[in-house]
Amino acid sequence: MGERVEAFRRLGGQPNRFKESGNLVFERFAELYPVAYEEGTLSTKTKELLALAISIVRDCEDCITYHLIRLRELEATRDELYELFALTLVVGGSTVIPTLRRSAAFAEELEEDARQGAETQT
Amino acid sequence: MGERVEAFRRLGGQPNRFKESGNLVFERFAELYPVAYEEGTLSTKTKELLALAISIVRDCEDCITYHLIRLRELEATRDELYELFALTLVVGGSTVIPTLRRSAAFAEELEEDARQGAETQT
Amino acid sequence: MGERVEAFRRLGGQPNRFKESGNLVFERFAELYPVAYEEGTLSTKTKELLALAISIVRDCEDCITYHLIRLRELEATRDELYELFALTLVVGGSTVIPTLRRSAAFAEELEEDARQGAETQT
Amino acid sequence: MGERVEAFRRLGGQPNRFKESGNLVFERFAELYPVAYEEGTLSTKTKELLALAISIVRDCEDCITYHLIRLRELEATRDELYELFALTLVVGGSTVIPTLRRSAAFAEELEEDARQGAETQT
Amino acid sequence: MGERVEAFRRLGGQPNRFKESGNLVFERFAELYPVAYEEGTLSTKTKELLALAISIVRDCEDCITYHLIRLRELEATRDELYELFALTLVVGGSTVIPTLRRSAAFAEELEEDARQGAETQT
Amino acid sequence: MGERVEAFRRLGGQPNRFKESGNLVFERFAELYPVAYEEGTLSTKTKELLALAISIVRDCEDCITYHLIRLRELEATRDELYELFALTLVVGGSTVIPTLRRSAAFAEELEEDARQGAETQT
C-alpha cells in the first residue's frame, strides 16, 4: 500500500475525539456531511470532483487525499482527474502547481494499489 | 433584462485594455483559457460547475456572474445549481452564505430572462 | 435607521430560496448553525466575536454586518470591538484595514440607532 | 476627478476612528506601516508593487486603489503596471481577472487626471 | 514531552534571524505584537481564542501550535477549545476538519504534559 | 547541499506527469509561464520578488523554495529578501511569521551553498 494512503488510514485509526466529545455540533455536522454528497441531480462523482477542486484551491492536503480515495472508489479515470487539475491550474493560478504535482503522484499510487488488488483477486 | 446581467454586459462593452496592450501574457492566457473548458472526458458543463465552485469559495462575484451565464446557456437546471450551492456551503463554511444568496437570486434572474425570451419568440 | 442596516434588512426580506428549495442540506445547516452559537463553556458573545474575526479575515462584508448586529444585541461595547479590530489587524495584516474602517463606521451607526431607540422609548 | 478617486478621498475625509480611539495597537501600527515602505535596498516603488500584487491576490479593492495612487505619484508607467497585472494573472489564476480589469480602468483614470493636471498648470 | 511541542521548541531555539537583521520593521512588529494581546476590555484569553480561530481558518499550523500552548498556560479547558473548534467548522467549512483533528490531538498532548508535570511536582 | 534544496531537486526529478499526459492545457501553461517572467519594463528579478510575495501570502512552501532559488541565481541580496519579508509581514499579518522564518532559514542555506560552491571553484 502507498505511503500516503497508509498515513491517511493511520489518521483514521485515531480515536475520533470530536465524536467522543459529546459536542452536538460535530454530531450534526457528521450527519449533514454525507447528505451533501448524495446521488441527486448532480451525481456523487460530480460532487466529489467539486469538493476536490475546492480542496486544491484551499490547499487542504488531507482533504485532497480523502476525495482522491473516494473518486478512485467511484472509478473516476486518470483523464478526468487531469482535466480537473488543468482547470484548477487555470482558475487557481500557478501557486497550485506543487499541490497538483503531489495530487497526481498520489492518484497514480492509488491506481497502482487498485491494479495490484485486482491481480491478487484473480 | 436583469440588473446584474446588464452591469456585466456594460463591463464587457468596455475596451479590452489587456488585449490592446500588446502584452503577450494576456494574449496567450486568452488562448489557453477556452482550452481548459473544452468538452473532454469531463463535459464543458462539469468544468463550468467546477469553476463556479472555486469562484464561490474565492468570493469572486464577477466570476460567478460569468459562470452562471455560461451554465444557463448550457442548460444547467436550478436543482443542479442548488446542489452545487449546498456542497460549497458544507465544504466552504457559513462565510459563503451571502455569496450563495446573491448567486441564487441572480440564477433566478437569468431563468426569468430565458423564459421571457422564449415567450417572445413564440 | 442607518443605510447598511436597511440594506441588510431588505436582503433578509427576500424570499429564502434555500429554505423553499426543499434541499435537505440547507435545512440541516439551518438547524446546525444556531447550535454552534449556543451559550456554553464559551459564551454566545465570545462565539460571535470569533465569528466576526473570521469574517473580517475572509472579508465577508455581509457576515460582518450580521455579527455586528448580533454583538450590538448582546451589548458588546465599542472598546471590545476595537480590541478585536486591533487584534485582527496584527494577525490579518494591513489588507484588512479598509474592512476594519467600514466595520467601525457601521458599528457607530448601530450605536447611534440604539441610542435614538432608547431616547424614543423614554 | 475620476469617480473612484473621489470615493477614496471621501473615505479619507471620514474621522479616523482608530486614531481617535486611543487604542495603542492602531497608533503603533500607524508608525510601523511607513517604515515598511521606506527607500532601502529595495526602492519604495518596488515595495509598492509588492503590496499591490498581494492586494490583488487578496482582492482588497481599497488597498489596490491606495497603492495605484501611490504608484502614480512614484511615476510607475502603464507598462510596468501591465507587467505586474500579467504576473498576478499567471500566479493568481483567472479569478483575479475581474479585479485586474477594474484596476486597469482605474489606472487609466489616474493617468487621465495627471494629464489634465499637467495641462492646467501650463 | 510531546513530539509537536518539541519540534516547536527546536524552532524557537533557532537564531532569531529577523531580530538580528537590524531591520526596523521586525523590531517594531515585535514590540507591537504583545500589545494586541494585553488584558483589556477583552481578556488575554479571549484574544488568544480569536487568534487561534483566525489561524485555523488560514491553516497556519505553527500559529495554532503557539496559540494552543498559550491557551494551555491561560488554563483554557478542553470544552472551551472544542466549542471554538465546532464554531470554526461551521463558519470555516469542512476543509478545516484535518486541521481541527491535528489541533485536538495536540491539545490532548499538552494536557497530558501538564498532568505529568503536576504529578512530578507533588 | 541543504536538505530543502535536495528535497526540491528530488521532486524535480520525478516524471513530469502533466507534460506526459498530453493534456494541452499543461503544455500551453508551460509555454506561457516563462513569458510572465521575461525581462521587460520590470526586471525578471522584480517579477520573481512579486511572485515570492504572493507565494508567501498564499503559503505555498514549494513555490517559495522555487522563487528563492531563482532569486539566488539572480543575485538578490539578503537585505533585499529581508525587506520583502518585512513588507509581507505588515501587509499579510502575523500568520505569515512561521513561513517567513522557514523562508529566511532556507535563504541562508542557499547562501551557504553558494559560498561553498565559490570556494570549491577557486
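Labels A, B, C, D, E and F are assigned to the chains in the order they are written; within every chain, residues are numbered from 1.
In the analysis below, a contact is a pair of C-beta atoms (placed from the backbone, for glycine too) under 8 Å apart; a residue touches a chain by one contact, two chains touch by 3 or more.
Every value quoted in this text rests on a predicted model; they were computed, and no experiment measured them.
Undergrad: Return the chains shared as contacts by chain D and chain E, ordered by label.
TA: A, B, C, F
Undergrad: When the CA atoms of chain E are placed over those of chain F, what is the turn angle between 0 and 180 degrees, to the nearest 5?
TA: Roughly 120 degrees of rotation.
Undergrad: More contacting C-beta pairs: A-D or A-F?
TA: Per the contact counts, A-F leads.
Undergrad: How many angstrom lie between the centres of chain D and chain F, each centre taken as the mean Cα position?
TA: The computed centroid separation for chain D versus chain F comes out at 25 Å.
Undergrad: Just how far, in Å, is the C-alpha centre of chain C from the one of chain A?
TA: A distance of 34 Å separates the two centres.
Undergrad: List the centre-to-centre spacing of chain A and chain E in whole Å, with centres computed as mean CA coordinates.
TA: The mean C-alpha positions of chain A and chain E differ by 28 Å.
Undergrad: Using the touch rule from the top of the page, what residues of chain B touch 2 or more other chains?
TA: 25, 29, 32-33, 36, 54-55, 58-59, 83, 86-87, 89-92, 94-96
Undergrad: In their shared complex, at which residues does chain A touch chain D?
TA: 89-96
Undergrad: Spell out the residues on chain C that touch chain B in their complex, using ranges where they run on.
TA: Spelled out, the residues of chain C in touch with chain B are 11, 14, 17-18, 21, 23, 25-26, 29, 33, 54-55, 58-63.
Undergrad: Touching chain E in the complex: which residues of chain D?
TA: Per the touch definition, chain D meets chain E at residues 24-25, 28-29, 31-32, 35-36.
Undergrad: For the complex, give me every residue of chain A touching chain F.
TA: The contact residues of chain A facing chain F are 59, 78, 82-83, 85-87, 89-90, 94-101, 104-105, 108.
Undergrad: So in the complex, which bits of chain A are touching chain B?
TA: Listed in rising order, the residues of chain A that touch chain B are 32-33, 36-37, 40-42, 46-47, 49-51, 53-55, 57-58, 77, 79-80, 83-84, 86-92.
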